[in-house]
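Here's a structure for you.
Chain lettering (A, B, C and D) follows the sequence in which the chains are written, and residue indices restart at 1 in each chain.
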Amino acid sequence: MTADTAEDLDRFRQRAGAWIRSNLRPLDHAALAAATAGELDEEEELAAIQHERQLMRMMFDAGFAGITISPEYGGQGLTPAHQQAFNEELSGFEHPSRLMVPNLSPCAAVLLDFGTEEQKKTHIPAILKGEELWMQLLSEPSGGSDVAGALTTAVRDGDEWVLNGSKIWTTGAWWSDWGLCLARTNWDVPKHRGLTVFMLPLHRDGVDVHRIEMINGSKEFCQEFLTDVRVPDTDRIGEVDKGWTVGTRWMFHERMLYNSPLITMPAFGRPATSSVSPVEVARDRGRLDDPLVRDLIGEAAMLDLVGSRLQQRIAQGVRTGHLSDQGAAIARLFGGVAGARARTITFQIAGEAGAAWSQHDGAAAGRGTDFLMRQAGCIGGGTTEMARNVVSERVLGMPRERSVDRDVPFREVPRGPSSDARSRA
Amino acid sequence: MTADTAEDLDRFRQRAGAWIRSNLRPLDHAALAAATAGELDEEEELAAIQHERQLMRMMFDAGFAGITISPEYGGQGLTPAHQQAFNEELSGFEHPSRLMVPNLSPCAAVLLDFGTEEQKKTHIPAILKGEELWMQLLSEPSGGSDVAGALTTAVRDGDEWVLNGSKIWTTGAWWSDWGLCLARTNWDVPKHRGLTVFMLPLHRDGVDVHRIEMINGSKEFCQEFLTDVRVPDTDRIGEVDKGWTVGTRWMFHERMLYNSPLITMPAFGRPATSSVSPVEVARDRGRLDDPLVRDLIGEAAMLDLVGSRLQQRIAQGVRTGHLSDQGAAIARLFGGVAGARARTITFQIAGEAGAAWSQHDGAAAGRGTDFLMRQAGCIGGGTTEMARNVVSERVLGMPRERSVDRDVPFREVPRGPSSDARSRA
Amino acid sequence: MLLELTPDQDFLRETTSKFLASQVPVGEIRRLCDDRLGYDPGYWKRGADLGWTSLLVSEERGGGSVSGRGLIDLTLLAHEFGAHAAPGPLAPANVVAGALAEFGTHPDVLAALLDGSAVAAWCWEEPGGLIGGRELELDITVERGDLVLNGRKKPVEAAADADHLLVTGRSGGGLTQVLVATGTPGVTVERLQSVDMTRRYAALRFDDVRLPGESVVGEVGGAGPAVERQLHQALVIQLAETVGTLDRAFAMTLEWAFDRYSFGRPLASYQELKHRFADMKSWVEGAHAIADAAADAVDEGRPEAAALVSAAKAFSGRYGLELMQDCVQMHGGIGVTFEHDLHLFMRRATANAAIFGTAADHHQRLARITIEEDSRS
Amino acid sequence: MLLELTPDQDFLRETTSKFLASQVPVGEIRRLCDDRLGYDPGYWKRGADLGWTSLLVSEERGGGSVSGRGLIDLTLLAHEFGAHAAPGPLAPANVVAGALAEFGTHPDVLAALLDGSAVAAWCWEEPGGLIGGRELELDITVERGDLVLNGRKKPVEAAADADHLLVTGRSGGGLTQVLVATGTPGVTVERLQSVDMTRRYAALRFDDVRLPGESVVGEVGGAGPAVERQLHQALVIQLAETVGTLDRAFAMTLEWAFDRYSFGRPLASYQELKHRFADMKSWVEGAHAIADAAADAVDEGRPEAAALVSAAKAFSGRYGLELMQDCVQMHGGIGVTFEHDLHLFMRRATANAAIFGTAADHHQRLARITIEEDSRS
């Protein structure tokens, strides 16, 4: 880095810090925790989204939206270091946490990589202003880890495409505006060669959004049923039948999670998505002096520190070319496994309050329910098993798994007795 | 069980207990531990073997050898319950611990299953008297888990067979008399269909036995190099090229370990092969009151109890037909994994004495070296990975692993760059 | 569960299994999630008719077992309860009935427990847990022939809606048990939220609760051995139930692995998953083996009962829950939805793992036993 | 190790790597296993010429680093030491040299340490370990201007054959460090057996060891911060070395998986093994990341250094050793033979995991830090 840009960075940091301190409110940990635990009702959730849209707009107006995005598309045209400086200054302040993943990354990131000029100029500024909220229509009920095995079908009809099928595990589809949708446009070629990506407005006829109830009562995820949804060909992203090229990059952005240079979030402090800390549970159980509990607290702290430094190392490795894009799967794997362990730790510290509790149990209340959801972080955004496939095959170069579906027309691939069990559930 | 045999069992137990108390010495834990840790020199080891041969002879003369084996072959023709009663009475007394596995099981067990009358009448009484010590020539340096991929070759020459090749991981081959040997007799059929089993005297010309030094200095294992070893066809076990039928049963007996009804060993008390207990290490480190150390002691005790009860359950299940023979792999898997954890636990309790120690450290001395050998119990006698294959495929009925060597002539199977790396090392 | 049952035992198990399948299918359990009691009183009475409540009570006191070993028979029922995530106060009803029968007190209450018309709670656990080394604190003082209770119990299964509470407390150096009718002045009940769908727990406070002398079950200050035995019984029932949930979840997941295709072939064909199923199978069988060994030792009153019970509890608390989470992981996204049935079983296993001592608590107990044994040998 | 090195750093690393490969190949390490010292003194002197001993010493005191950040440069050397299981007292020589240079005392000793003609031991650890919470007990009392030492140190790397001992002890409420020449009356040395092939540890006893006042390094009772810094340095060196061993063992095992065929195809094609390699890769990268973060924080004296060092130590102590054992398992039988080289690296990692606090000890340290931070926030 030259002295020039370093100075610029310092000035930028000062400007950002000043703006943040005078315009944003301090982070409300309790509110965030309640939101994460799915304790908001529908109205409260919509109000929170509306507030975050306003935060996006304020940042846009102040020149802090899309820091690494070109000014052509409404961004600031600065470096990842500037984004990092902004994130550092943002620590301890409110921020549009729900509108980052998947809205900016992977969605805006994919648009920037593959969109036409027209598409980018229309949608990127709208995203940065908080006017358009995007989500991803990627997974399918029949698909599990096999994203490229999408059954949702798009059939061409003149200048339009007609989509039918079902997508699942979409975060917040019920309050979003647009979706990025992977669909099958050719059943007569091997699966990776018959896919295409479309932009899909969610409030259109034929798009039916259902909220899914999770074990802990959260309804953050949705399933969508698409029935004869019509999309103009101008809303296609990338080439026809070349959607897997888009999809591969899309999933890379997904694995980057909060390490993408498009993401605005506090660099330090408890991450927005953190649940209750082991120290709080131990304190509310009166077990802070128990060496066994301290062992668990220490282990949790260790995993936290290693996880964050690993994220940084992987991000740096990908950025500098020491690691292929696929290296992001290493951090995704570690994060999933460590996160599951962290939930086990708080459950263990809760002791018998893990089975039954009242509000008098403080932070120990509800740890049993948390524990039921432990694997969510090893499933969502691509399972840890898929991450292990990617690491072994794409990072370490080990032989690919035998595939029975790689070189045959997709329509001939065995799909098993349960493939459609949930598609119309 | 009828009242009759129950009474008989009681009488048998009394007779056994009386004989044991007046003829055998109490178990010397220290001597056993030293032997297990490989601390005996060659002369001491041979003296110990000689003593155990005498114990075998004493039991034979007193009518306690081969309790479940037919009198035709020198046994007592009684039930597994009688063997169990004898083993219970034997608790706390010396016993021929080195001459049980593999001598009686799997070796004598395989002879009993597949030997001709002539072979059984010649060898089984000799084994029971301690005159013949048998071991198994099964694994090969190139083979790893792929036992059926044996490269050791037997070629017919009139009434004889000529054997060439190398076997490895044979326990105590240097002090044994006979070996059960799996050899390839046909390279032009798929691998399982070209194997034959032979009986091989180890003190014959052309059998060259090398002792292998393990990380901890132990030399219990050997490697044998066979050069034009001639074996009469009358010493063949089972049919030509049908050796895998023998081998499958052989490996079942191997997985049964000390649960075979052929095995004479104390039913209670610390098993002969146990290493240092976590309690001893904790005491010698002055850490018996440390809750973290007690957590480890409790965990070790738990694994021990579960492991032994699981062994019993599996043995019962196989005996009563609730489980297939392959069920033995469940206990083998659990035992391997739990044993590795037990060694980790004593290493952890040893603390900094795990890195460096003197004799003043008592039971904490040498735990670091133990730890280096931790995986031995997950490798020897078939790896835990192989056990997992067996459990998933043969017990749970899941699809077999794709095999590139099942239906092709063995000579055409790829063997990779390192296959012969160790065969003449 | 035992590999070999007598024909009578198998009949008992089979009858209960069919009854639960028809009376409390998963839809009914979802409905009962919002029910105050967590079960239908008629269901419980019909269960009592099937023998659910009488197994720890001798025939002369109105009970009876099918094999002469009531606790072993009870593990068969508990296994089915686990396999169906079934509702109903199986453990407290039996443990309290067994206690009343043993000491021959309160025959009317016993009769009502046996026919299922009344329910009792076994009030032993205290906040912070008692297995890990903490001393029981609820105080029972004798004052002019009366008994005065002060202290807390939490969490206690079925306590909010029970008719009777069998409360364990400390009287100086020894333990005492008293039978308390719900509604007695000074008893405060707080309903707790539970991780389980149908099991209801409560926290109890006793503030100068005064009871007549005949409320005692056994002798004042002399209840120690009986309480330890009741704890072992409660744990044996809980362990058998947990093994039932593990069996069921494992079977569901195995079936899913055969049915579900990914990349054109069944999940069951992927080696990494196969190997995890192998580990899970070893855990399921290990849980069966040690739970049965514990039941056997407790039933016979053998000295190794304490070690076996704690080993079983530590094992199923740790490996059992790991197995459940592996089942979730194999199911993928639907495994964490409310709609899928898997969580019904995971909830029961999770509650059981946290009640009457965590795995870590039982490690401490096992360590104490092991160190004592070692110093004697 | 850092992903990006300066050209000078890369040259230092590369030079040392080549030197170690030629001077201490595995055959030489096997030979040195029976050597009293564990290394050849000439080898150590030539290493000093390459800069091994001077990195924590400023240029004005005769030292110098290549990047201006000596501790970071030192981690590059330590990484290579680990990757070659190389012999020689790298950590004690540097930590003691750094301490003498910092306080400007004993310039002759410092000069001899720098040119490799003398060796010093850093005597801090005491029996039972100091990380888990135990207090340092070796007593240093001032008597008429003299210092009197009483107590024990164990285990101490290179102490039996060192020329000088930098001993840390307690003087009332504070810590003191003194430089003791070996052979001083009252110092008893017991050589220990080591799990490592070439590293030599000893136990030391100090019975009324009397030293002149000028033996002090720093101030009597004021050495606390310096000792903490030295401990952090020693840990950073150890951690980098451990990462080097992990890298090497992982690379060996990966190569083996490609070369070794079982059932007609390479081990690397089995999904279960592939997935374990993926986990191992995440552990190797995690170990790199946290060790580098710790080195950076210690070098800059940042407040989070203590937490990062303990996190790195706990992580490599646990996951690093699991990785080593996985490497053994993948090798099968030959992985536990003396003939195969894998154990050379596992030995070094095992010794490092047990020295200066186990993973469990560092969990306790991390818990203390985390709870303190939490109560401040």
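By definition in this document, contacts are C-beta pairs under 8 Å (C-beta built on N, C-alpha and C of every residue); 3 or more make two chains touch, one makes a residue touch a chain.
Fair warning: this is a prediction, and the values are worked out from it, not measured in the lab.
Enquirer: Which chain maximises the distance between its CA centroid and that of chain D?
Expert: Centroid comparison gives C as the farthest chain from chain D.
Enquirer: Between B-D, A-C or B-C, which shows the same interface as A-D, counting it as a repeat when over half of the contact pairs match?
Expert: B-C
Enquirer: For chain A versus chain C, what separation do you get between their C-alpha means, in angstrom?
Expert: Centre-to-centre distance between chain A and chain C: 41 Å.
Enquirer: Averaged over CA atoms, how far is the centre of chain A from the centre of chain B? Could you give it in whole Å?
Expert: That pair's centroid distance is 52 Å.
Enquirer: Enumerate the residues of chain D that touch no fewer than two other chains.
Expert: Chain D, residues with two or more chain partners: 266, 270-272, 274-275, 360.
Enquirer: Got the chain B residues that touch at least 2 other chains?
Expert: Where chain B meets two or more other chains at a single residue, that happens at 291-292, 295, 385, 388, 401.
Enquirer: Considering the complex alone, what residue numbers of chain D touch chain A?
Expert: By the definition above, chain D touches chain A via 3-4, 254, 257-258, 266, 268-269, 271, 274-275, 277-279, 281-282, 285-286, 288-290, 292-293, 307-308, 310-312, 314-315, 360, 362-371, 374.
Enquirer: What part of chain A is in contact with chain D in the complex they form?
Expert: Residues 277, 279-280, 288, 291, 294-299, 301-302, 305-307, 309-310, 312-314, 316-317, 320, 322, 330-331, 333-334, 337, 385, 387-393, 395-396, 398-399, 401 of chain A touch chain D in their complex.
Enquirer: Contact residues on chain C for chain D in the complex?
Expert: My answer: residues 270-272, 274-275.
Enquirer: State the interface residues of chain B toward chain A in the complex, per the touch definition above.
Expert: These residues of chain B touch chain A: 290-292, 295, 402.
Enquirer: Under the definition above, what is the set of chain A residues touching chain C in their complex?
Expert: Those in contact with chain C are residues 139, 141, 143-146, 149, 168-169, 212-215, 217, 221, 285-286, 292, 340, 347-348, 350-358, 360, 365-366, 368-369, 371-376, 378-380, 383-385, 388, 401, 403-405, 413-419, 422, 425.
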